[in-house]
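The two complexes that follow have subunit A in common; it is paired with subunit B in the first and with subunit C in the second.
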Partner chain A sequence: MLKKLGLLLLYLTAFLICLPILLVLLGSLKSTRELVESLSPLLDDTNGMVNWTLLPLYPTLNHFFKLLFSTPSFFIVFWNSMKIVFCILTGQMFISVPAAWAFASFSFPFQKLLFTLYIILMLMPFQVIMLSSYLVLDSFHMLDTHRGIILPAIFSAYPVFIIYKSFHQIPKSLLEAARTDGASELYLFIHIGIPSGSSGILSALVLGFLEYWSLIEPPLAFLKDKSLWPLSLYLPEIGIEQSGMAFAASVITLTPAIFVFLIGQDYLEQGIMSSAVKE
Partner chain B sequence: MREYLLTLIHLWKKKKISVLFAKFLLFMLLCTILSRGIYAKGMAQVTTGSPKKMSISHKVQSEGFIEKNQEASIHIPSGIRIESVFVKQGQIVENDTPLFQIDMDDLQEIIKEKANEVEKLTLQINDIVSNQQYHATKEAQDAKRAAQDYALAQASGNRQIGEAAYDLQRSQEQLEQWKDFPSYLKDNLEHDLQRAALTREVERLREEINMLKDHSQSVSANVLDKEEQIRKKKIELENASKSLDDYINSMTSQLEKQWKERKETLEEDLHAKEKAYYDTGETAANSLLEAGRTMEDASMEKPSDSTLEIYKLDREEKTRKLAKLKDLQAIGGIITSDISGFVTKVNITPGERSNDLGCILLALTEESFNFCASITKEQRKYVNIGDTAHIYFQRGSHTLENIRIERVEEDPANPENYYIYASVPSKNLTIGETGVLEIVKQSEHYPYCVSLEALHGDGIHIYVLVLHEKETILGTELYVERRNVKVLDKNETYAALEAGTITEQENIVLTSTKPIVGGDIVRLFEE
Partner chain C sequence: MPSLMGITLFVLVPFMDVVIRSFQTSITKEFNGLKNYISIFHNQAFHLAVKNTVQFTVVCLPILIFLSLFAAMAISQLREMKLLKSAFLLPMAVPAATLVLIWKMLFFQQGIFNKVLLTLGLKPIAFIDSGAAFWVLVLSYVWKNLGYTIVLWLAGILQISNSILEAGKVDGASPMETFLYIIIPNLKPTLYIITILSFLNSFKVFREAYLAAGSYPHESIYLLQHLFNNWFTNLEVDKMSASAVLIAALLFCVILFLQLLYEKDK
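The block that comes next holds the complex of A and B.
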């Protein structure tokens, strides 16, 4: 009985957590008139409360058709987001993975201090470093370009932290044995480190995708040209008359993240579990 | 084994999801291209142009026809019966061509009638002349008599006034000379006998008393008798005095009454004389005034009477008409043309009488013709007398250039239309021939002229759509901005706009493949 009650509670919680997604999905199928009537107290400054019905009265795919076939600006921002995320993740593979291996495998002076600094930087919110970042990017003439978003993210400390955990779990004796057998550090990194730490790497990639797919603050601060905007800045531009399109755009925006999560779910779980398991 | 199979299934699912994700991305790529194509297809394509500095030419074209310029009328006095007509409308006639014949018998009757009328007028004129002479003589006489009456009235008036003045003066003198009452009383009493007698009596008695008193003192005999006598005398004296006083009092009151009456009589007389004087003056003045007015009336200019002149003029006119009728009689009643021309109208019919309109109207063929064309009120703004025009004739394919516009008249039947007339040489042209008249007018130079297709209207304002650039997510896009303008002048192709609303550098939308409004995204037209 208790078990069933526990299950019920879990399902309820899961439903509540999934409710926003459900609302977005169902909202994308509502007609414009329904949406305007429901959301006008919120978006149009009229009196009253938002009156939201769960199921649409006149479901329609018109918003999807309009968004996918008559709104080329949406695809501009979609591919902007894709470009930014892909470039960041690729860059992080080349920067963060070796950095994490170095922290996990080597001993060098001020290692702990540097790692602590990494953690502090990771914990620092964007608002704190925004002004300094702006000045640095301006000096490098990278403002109002995608480079100004991608490069700082490539050198993010967070994936280093995630991947370090997986590299740290590789037994040192294995590495020593390999060194004794004549393996070079590069060999160790490529043939032992990366395969062994693949779960951490992939979880860092998944988490990185989810984070940078919805990145909003750096683009808002550093991008003025609308043709460079990612999806996260495009959605707020849509007004109440196009609220149906906003919901459809939200669904489309959500889809790659769902795909990536489904593909990398196992690796994410493994990555989380491996950090919890004590040797 | 089981774990191996689970692993395979797991990997297969992962692969399927990955393939699905790849397909999703491929689908998005496809939609990217499709949406751009559809977006571009739905966007209006426009052609643009910049405002130019130019003048607006106004071409007025209108079809017209040749009409007669000068027209002559062959006419005879009205009221004569027509016997026969020899020509028809449209016929060309030469000099001395017989046109029509009038009825000679009817003409004879009319001549007799006219002669009688002339005679009647002559007699009436003579009567009027005689009356005028009579009235002139009588008026002179009246004037003379009025002058004489005036002089008499003046003399009589003066005389009467003089007499009245003399009477008044006399009356005034009498009143002035009329003494005051004490003097009047004294005079009358002085001459009054009874008073005098009473006074003497009183004095006598006093003297007697005095004598008695004196005598009584000197003689001592009978004093008592003397005193008694004195006493009696005193009593008599008192009585006499009393009688005298009574008499004087009664005389006084009587005389006073007489004096007052007399004075009143004199005053009344004076008033009467004054009144008579003023009345006489007024009467004399009125008489003089009346006489003067009568004299003025007699000498006043009489109102004009044109009856005689009217009759004389009537007689002259009738005499002229009679002369014309006699001329017609002399030529046997056959009316001929004295010019060469084109019969444009025949207003007479055999058997009917001639009227005041011309019997036959001839268009002169030796002079120029008129070209008449109709234009609208809108075109009238660009056509003025003195403008030069070209006229193109289809028949013969010839053109007349630099023809001057002679007249512009409003169509009485339709105020929205006007007729323009130009004088054209009659050579190679016939009446009724059609052609096209063209006038080209250049306006002043306007700095901002656009093609007419750039103008749009919403019923209230006229506006143009100006092309601008803006930065959007898709990059630099073109959009149109509505700009209200004021049109200063325009023709069929261009319009001149008021300065201040557009600039030379701006691009104005001329044509569009779709209807567009301000704010719409557009792109430039591609072949």
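The block that comes next holds the complex of A and C.
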């Protein structure tokens, strides 16, 4: 009995957690008139209350059409976001996979110290390094450009850490055996490292996508030109007066993230778990 | 190692520069001793921001850690855990901006939540412009991080070998005793990691707070991140560098301390 109650509670919580997402999905299908009627108390401070029905009375895809075909600014920010995320992730792969491999397969002086340094850097919040990043970007003339957002993120320590964990599981004796048989280091990296570390690499990609897709702080601090902004900053700019657009834009922002989430959930979990597992 | 070069170029060297600047006046760059540090200690906004940030951390970390531990314990008993895990993890995929839209609908003065309160005959609450904003922020933090933390706990729980649990059962341990004397002690290393990660994720609530309430929100949620952002807008380099160094040093100590505990237990 107690167990059933607990289970019920668990499912109820899970439902409540997903409820906000459901609200946005259904809200985006409501007609402009319905939205105006139900949200008007938010706008003019009258005494009425929001009158929200879960299901749309007259479902419509109008807002999506309007947003996708007659709002060029939305188009620009959408591709800004795509570009930023894609460039960061590609760059991270080129930088962090070899770095993780170096940590896992070679031994060099100060290795442990350096790795601790990486962990600490990974954990520093953005605000602490905001000023120093600003000064660097300023001296490279990269303020107000996408490069200024992308380049520092490429050298993030987080993917190195995640990927290192999966490389670390390769038995050392396997590598030693291959080395005695005359395999080159490059051969080891490509034929043993990459295949056995692929789950770690995918975890880093999934976690990275979710992180950079809703990036707020760096573009807010370093991009003055609004036409360079990513979706995550543009979205709150659509006022509640244009609630239909705001809902539709939210759904479109949500879609790639959910998509990546559903495909990569197993890797996501592995990635999270790898940070908890003892070495 | 290009990775090391990149990190040195973009993080380490500039940070050293900031450390140096923290001892200088902001415009003339003369050596200023500890004056910048002393001035932020007398700064009221700094006091408020530190107080709120500490308060936020102290309130939401235990809530998150306990809730997720119970949920993880319950989920680990089930055979089919995939669906539940997905549901709890889903908020990770929701961008902050989307969440803010929903929060406005739910928590504004005339929002859905207040409507429910009115129907129940209770007084509406000004969620955004009063101390209640603090709790809305705690809620968003827990909402966003619950799934992540549950998965971390599960990793720890599933690592406990079955033979220990079986041995406990044979010796006649009740489920409660098993939990207290076998599971909890074995989860200690996981706890350290969860504490570190949740602590650092707690800095990210700035996204929701900023998008929902702007640069100057109600004073109950004026966090260090707001302060930094405002200093940054006004280019108050001296204050920023001094407090960045302070916070980095503090975090460094906290992380090192937790890591020491972790190593000792391992």
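Convention: the second predicted complex is superposed on the first by the 235 of 279 C-alpha atoms of A that agree within 3 Å, B and C clash if a C-alpha of one lies under 4 Å from a C-alpha of the other, contacts with A are read in each partner's own complex, and residues count from 1 in each chain.
Rule of thumb we're sticking to: a contact is a pair of C-beta atoms (placed from the backbone, for glycine too) under 8 Å apart; a residue touches a chain by one contact, two chains touch by 3 or more.
Fair warning: this is a prediction, and the values are worked out from it, not measured in the lab.
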After the superposition on A, what does A:226 contact: first (subunit B), second (subunit C), both or neither? first
Query: With the two structures laid over each other on chain A, which partner does A:17 touch: subunit B (first), subunit C (second), both, or neither?
result: second
First, second, both or neither for A:260, with subunit B first and subunit C second: both
With the two complexes superposed on chain A, say which partner A:79 touches: subunit B (first), subunit C (second), both, or neither.
-> first
In this superposition, the partner of subunit A with more touched residues, subunit B or subunit C, is C
After superposition on the shared chain, which partner residues are touched by A:71: those of subunit B (first), subunit C (second), both, or neither? first
Overlap of subunit B and subunit C contacts on subunit A, residues 260
Per the touch rule, the subunit C residues reaching subunit A in their complex are 1-4, 6-7, 9-11, 13-15, 17-18, 71, 74-75, 78, 84-102, 104-106, 108-112, 114-115, 118, 143, 146-148, 151-152, 154-156, 159, 189-190, 193-194, 196-197, 200, 203-204, 206-207, 210-211, 224-225, 228-229, 232, 237, 240-241, 244, 247-248, 251-252, 255, 259, 266
Contacts from subunit B onto subunit A in the complex sit at residues 10, 14, 17-18, 20-21, 24-25, 28, 31-32, 34-36, 38-39, 42, 471-475
As the complex stands, subunit A meets subunit B at residues 68-79, 82, 225-227, 229, 234, 252, 255-256, 259-260, 262-263, 266
Interface with subunit C, subunit A side, in the complex: residues 6-7, 10-11, 13-15, 17-18, 20-21, 23-24, 27, 39, 41-42, 45, 48-50, 52, 94-96, 98-99, 102, 114, 116, 118-121, 123-136, 151-152, 154-155, 157, 160, 210, 213-214, 216-217, 220-221, 231-233, 235-236, 240, 246-247, 250, 253-254, 257-258, 260-261, 265, 268-269, 272-273, 275-278
